[in-house]
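In what comes next, chain A is part of two complexes: it sits with chain B in the first one and with chain C in the second one.
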Partner chain A sequence: MSLTKNQVIRFSDLNVKFVNEVVEYGAKIFGKDAANTVRYCVQCGTCTASCPAGRRTSFRTRQIIRDTQLGFKEGALTNDDLWACTTCYTCQERCPRGVKTTDIIRTLRNLAVREGHIIPEHKKVAGYLIRTGHAVPIDEKTKKLRVKLGLSKIPPTTHKFAESLGDFQKLVKKLGFDQLVGFKEGTR
Partner chain B sequence: MKQYVFFLGCIMPNRYPGIESATRRTLKEFGVELLDMDGASCCPAPGVFGSFDLKTWAVLAARNLCIAEELGRDITLCCNGCYATLQEANHLLKTNKELLEEVNKQLASIDKEFKGKINVRHVMEIFHGDIGLESISKSIKRPLKGINIAVHDGCHFLKPREVREHGSSERPKILDELVEATGAKSVEYKDKMMCCGAGGAVRSGHLDTSLDMTREKLANMIAVNADSVVSPCAFCHLQFDRGQAEIKSHWNIEFNLPVLFYTQLLGLAMGLDAESLGLRNQSVPPDKILKKLSSK
Partner chain C sequence: MRIGVYVCHCGGNISEVVDVEEVRSFAGKQPGVVVARNYEHMCSELGQKLVVDDIKEYKLDRVVIGSCSPQFHEPTFQKTLSGAGLNPYLLEMANIREHCSWPHFDKPEAATAKAKDLVNMAIAKVRLNDPLEREAMPVGNRVLVIGGGVAGIQSALDLGDAGFKVHLVEEAPTVGGRMAQLSRTFPTEDCAACILAPKMADVAANPNITLLTYTEIENIEGYLGNFKVTVKKKPRYINLDKCTNCGICTTKCPVKVPDEYNVGLTTRKAIYVPHDFAVPLKYLIDEKACLYLTKGVCRICEKVCPGKAIEFNQKPEEIKFRADTIVVATGYDPFDAEKKEEYGYGRYENVVTALQMERMVVFMAGGRPLRDLGKRIAFIQCVGSRDAQIGNEYCSRVCCMYAAKLSQMLKRGNPERDIYVFCTDIRAYGKGFEEYYKRAQATGVKYVRGRVAEVSEDPKTKKLTLRVEDIFSRQLLELEFDTVVLSIGMVPSNGTSKIADMLKLARSPDGFLLEAHPKFKPLDTLIGGVFICGCAQGPKDIPDTVAQASGAASRATVLMNKGEVDLDPVKAFVIEDLCDSCGLCVEHCPVHAIKVSSVANVNKALCAGCGSCTTYCPKGALVLRHYTGDQLLAEVKAVLASKNEGETRILVFADYTCTYKLSDSVGTSRMPYADDVRIIRVPSGSAITPKLMLSAFALGADGVFIGECEQKFSPYPNAVEQIEKNVSTVRGILEKNGIEPERARSTVFATVMLGGFVNQLNALSKFVKEASSIPPEKRGALDEVLQQEGST
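Moving on to the complex of A and B:
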């Protein structure tokens, strides 16, 4: 049986340094030992078998890890299924090789966002955070209910203290997070 | 009197203030004092903002941790997402020197510095560890006998175990014991440890996938005649409560299962009324459970 063209993987198609990139990026947050575990996967599939998101989508944790190990950078970063993971940690807890699967998925998502792969719905949530300091800002209905329950109308958070919100936004700008998520001031 | 700083987060104060009211009222009964964390922000959410940029996530979490350090008290909180972020960031900053240096370099611009002086404790740890099951049992004025509770621990209360250090994440006991201290029964159900579907930016990005997980969990709870689902997490709480309305409009499936945060359940058992616990202001009315209680 001869192989069709798309069944052949050519060495030249692989970005063999990608796994190093993933380890290096993850190490800055989770430490070198944790980030390096991506190399330990033996493709047993316990992660995929344990995954509640994988039961209802085409998201396959094992495949994402394999793509990373082999250097299918595009496959790992552009697949929308990467965003079906709820970060429940079941795979990470059950991995017999100690691979920090969930930490690696968050690392891969960071790299994907850096390459511009972020959906409008996620940009919107980031916008709430940048404008108010909260992913879920308060609304009028809740303000009324707070008073009825004997709580302060406005919670003592960035909602109440303008100076604190200023500090928060200063960090966001300094880190370039607003640029990263395509935040435009004055938009809703 | 034991004091904690109360990290509010987003969902509890901004959508489900009943959880905040119930938590403040019940902790007060046990002599636990909660101090305000003036100027705190979103934790920021681990699965959303941690997925966009982990460095930003760590710096903004550290800013919140610094507020608690300045007040010199440990943090307590009512959301597994907030817990995931603040407990994990606190842990990472205490163990990863490279991260600590980078984070403090950023924080210097707002005159803050992470020093690693406090701990982050889930409010369930306060009830289970500080107050204890015996004191809780003694405080019960209206035992919830005959009430079946589907306990939902949520993922980030217990996982990753290595960081949380609360023991088993496959067969945990903490929340079940707390529920049973009220006189209610914690019932077994299929896939009890499964995720509610809200986390990891899935609710905001892929609502159908998110709600399908919620639907599956709710069906498993209804299958064993649960009177209510009880969680220790404001985000799981929102997912189950508001999620039931969304599931109804998406797929025309109705569960009508009241959703209670643990302190709302405890509040009922301690004799507090449903109004002061905010139970009448949620998507699913509490009537099913209240009716069963009043028939006792």
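Moving on to the complex of A and C:
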């Protein structure tokens, strides 16, 4: 569930073990000590007030950490704001409690995608990656620019070596990345 | 040798599990034992009388009591022996309750067998016990108080009033410390200078106090009752007898430098008095600022001084004196706000520290405001406190309340001002604090929950914009202020660091001085005769500081009033014939108690009695009295004597500060553990040499375990490190001889880790039972190693 105004929250509305899930998952990426810092937050708001993304969007770092601590799992994972973070690390550098805020946001993003919460733009980028081996495939303009700079028109990547692209796509399938991002063959 | 052995029933606590008659009869058969009894309650008056009577009738010269832990009744029975004319150190206790009948309540047979082992061990030890005398060490009436802030002033006054001879040493040219800079004190709003100044004057007037201002501690050596102190009195370049405080020199002096008393908000001259209630109220020349002393020109003051009081040829004066005890009151330094770059202190002129605001408020009250603060004033809390990013995780404890004070004083001074306090939360824990916080709100101060992320300055208007989240409304605020006050916290002062290094005082992770025990010895240190108080120990407010200062004075008084202290005779001792004065012990003694002249010499006053030196001495010339290598080896032999084919034995050497007490608690809690465990008491596991551990294996032990106190609770510095080294030596030798190295183990314990202790012992017991038993030839090989290497 997500938080709505004027709603009384009961334990039945909370996933109190969610924070453990985040710590465990985060530990795999950032180590146990870093992941566990999510529990240290005292809600001072330094992160939110330091956030450049928060100035332009409704992104509220502190709220995401709060949702995680209390167990508003849906709130933390389905909120589109989660993707507004530019991972500039200002909040993490300033947090007086040493909470690894940015690392936790990245952990939450992983969990969100694992649970199928992925925004269309990211699906699109993942699609490019799977189809071409590049999140940003080369376009005509860049090809011209390369030639002008004395480089080969096509870079020595999957663009040039079709068999490597095949290998890469095998890897993607083996890891289940295509399933994870809901990639369907032949779609654009 | 005439030994008496007494086996206590403890009203059934022992006798319901252990066959006390069997233990008694076993003891009676041991060599040297002339009488063995069992009795209902040995600690009762009648039980003790039994011992006294036997000492007389049987002419006993050694006594063994098999009863509860020595923790409880060793002092009782030591008195019993003394009363009967026997040296108290000729007593041994066998702990057959906490270590036997209680944890093994469900195995009477095994418990009885273990009780016999423990009694046998005590008999073996007591045979080798020497009569030891507690030496009295004189403690005189001289005390050194370091630091002349409110803590040092209070301590010095209490001690001086009690009749002790005090040297009060202060680095600055005046006493008074940080409190002298404050405007008023929370929550009563007393004028700080008005309440402090009389105390400063009292210090100077007290005939028992020798006040040394503008003086640095150069060196301190020695110990309780005999500290040798060297100080350096810096030259004031003024003849204080001739100076009449007329002040002409200051008006004529051409040099202006920032005035530290006003935190750089004003300037002072190179020749100056620190402030108008300084004690002593005397002029001095700042040698770093004076033109003559830095560049050899000027000398105007010398010309204008009507009393000819200027003496440029003054030199630093070294003064030496002795002290019996020391009170460390070296205080704090304000946090350096420039370290929080995002708040712009030092770059933005309208960002000031709270200490500067204290001074500004004083000037405002005097009708001479130092600057226009504008209409909107913000306080940013927790600057330099509760901040992992700058490494200060602690709360400074005073900032919430001084912000409540300064903010409401500013608001009352001009109700038109908008005053905001930005905080993570407000800590108003003290007497009258919550009420005072409410009063600030009533005055109109607004509190915003939210820690300020950054401050930016408009370069033209010099106005300051704060970016902060109001956490309750989830709104991002960007608010413009005229003045921003940083509520800076406390850090350990430079003086605190310097004195800690000099006296080898332990420090907590926050850098402040560490007390000997957080609950029961909050003013003592691990160094005898050295006490701490005030902000040197940790951030605190004035009432807490004064309470601690009086407390530290009182702790010093306890030692000095009695005139002497008893020294525990359990100390390292040098067998002079064996010592070749190699000096290894000197290097390794954690408390620097050993010196070598022709032979090694242990200072009994400094020796902590850990015995770690005994493990270093290649000649075996150092022994720990009451726990000599021979005594420990005799215990090991005796406790292993009953071991039968197919049985296992785990020997645990338990330090008496933590592990032994922990093992008692395990017994008290009736937590069963493997019944092949035998626990041997030692002052510290660091006294267990590799040789003794290997001997234990050679003699039949299947596992050896050293339990040592967690370092922070231990009176013995470096013990843990020493033990780990010794155990790893032993493991190496075991491995070389084809024996599983895991049979030798050590663990660090606190007295509360009951479950951990049981698990560790059970794990080792299980390990040795599963591993094949050490075959006799391998034990023999260890024996050979021991023969060859002598002491390892």
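In the analysis below, the second predicted complex is superposed on the first by the 181 of 188 C-alpha atoms of A that agree within 3 Å, B and C clash if a C-alpha of one lies under 4 Å from a C-alpha of the other, contacts with A are read in each partner's own complex, and residues count from 1 in each chain.
Heads up, the rule we're going with is that a contact is a pair of C-beta atoms (placed from the backbone, for glycine too) under 8 Å apart; a residue touches a chain by one contact, two chains touch by 3 or more.
For clarity, every value in this text was computed on a predicted model and none was experimentally measured.
Engineer: Quick check on the chain A-based superposition: chain B and chain C, clash or fit?
Structural biologist: fit
Engineer: For A:93, using the defined touch cut-off, is the partner it touches chain B, chain C, both, or neither? Pick first, second, both or neither.
Structural biologist: After superposing on A, A:93 lies in contact with both chain B and chain C.
Engineer: Which partner does A:131 contact after superposing on A: first (chain B), second (chain C), both, neither?
Structural biologist: neither
Engineer: May I ask you to decide whether A:110 touches chain B, chain C, both, or neither, giving the answer as first, second, both or neither?
Structural biologist: A:110 sits against chain B, while chain C stays out of touch.
Engineer: Taking C-alpha centres, what angle do chain B and chain C open up at chain A, rounded to the nearest 10 degrees?
Structural biologist: Result: 90 degrees at the vertex chain A.
Engineer: So, does A:167 touch the first partner chain B, the second partner chain C, both, or neither?
Structural biologist: So A:167 only meets chain B here.
Engineer: Per the contact definition in the header, classify A:44: touching chain B only (first), chain C only (second), both, or neither.
Structural biologist: A:44 contacts chain C only, not chain B.
Engineer: Should A:54 be classified as contacting the first partner (chain B), the second (chain C), both, or neither?
Structural biologist: second
Engineer: May I ask you to name which of chain B and chain C touches more residues of chain A?
Structural biologist: Answer, by number of touched residues of chain A: B.
Engineer: Rounded to whole Å, what minimum CA distance do you find between chain B and chain C in the overlaid structures?
Structural biologist: Superposed on chain A, the two chains' closest C-alpha atoms are separated by 8 Å.
Engineer: For chain A, give the residues common to its interface with chain B and its interface with chain C.
Structural biologist: On chain A, the residues that contact chain B in one structure and chain C in the other are 93.
Engineer: Which residues of chain C touch chain A in their complex?
Structural biologist: Answer in residue numbers: 342, 382, 386-389, 424-425, 449-454, 467-471, 474, 476-477.
Engineer: Would you mind writing out the residues of chain A in touch with chain B in their complex?
Structural biologist: 27-31, 52-53, 56-57, 83-90, 92-93, 102, 106-107, 109-110, 113, 118-119, 121-122, 124-126, 129, 133-139, 142, 145-146, 149-151, 155-161, 163-165, 167-168, 170-172, 174-175, 177, 180-181
Engineer: Using the touch definition up top, name the residues of chain B that touch chain A in the complex.
Structural biologist: My answer: residues 8, 10-11, 13-15, 17-18, 20-21, 24, 36-42, 44-56, 58-60, 63, 92, 95-96, 98-99, 102, 106-107, 109-110, 112, 155-156, 159-161, 169-170, 193-195, 197-202, 204-206, 209-210, 212-213, 276, 278, 281.
Engineer: Please name which positions on chain A make contact with chain C in the complex.
Structural biologist: Its residues touching chain C are 42-46, 48-50, 54-55, 60, 62-63, 93-98.
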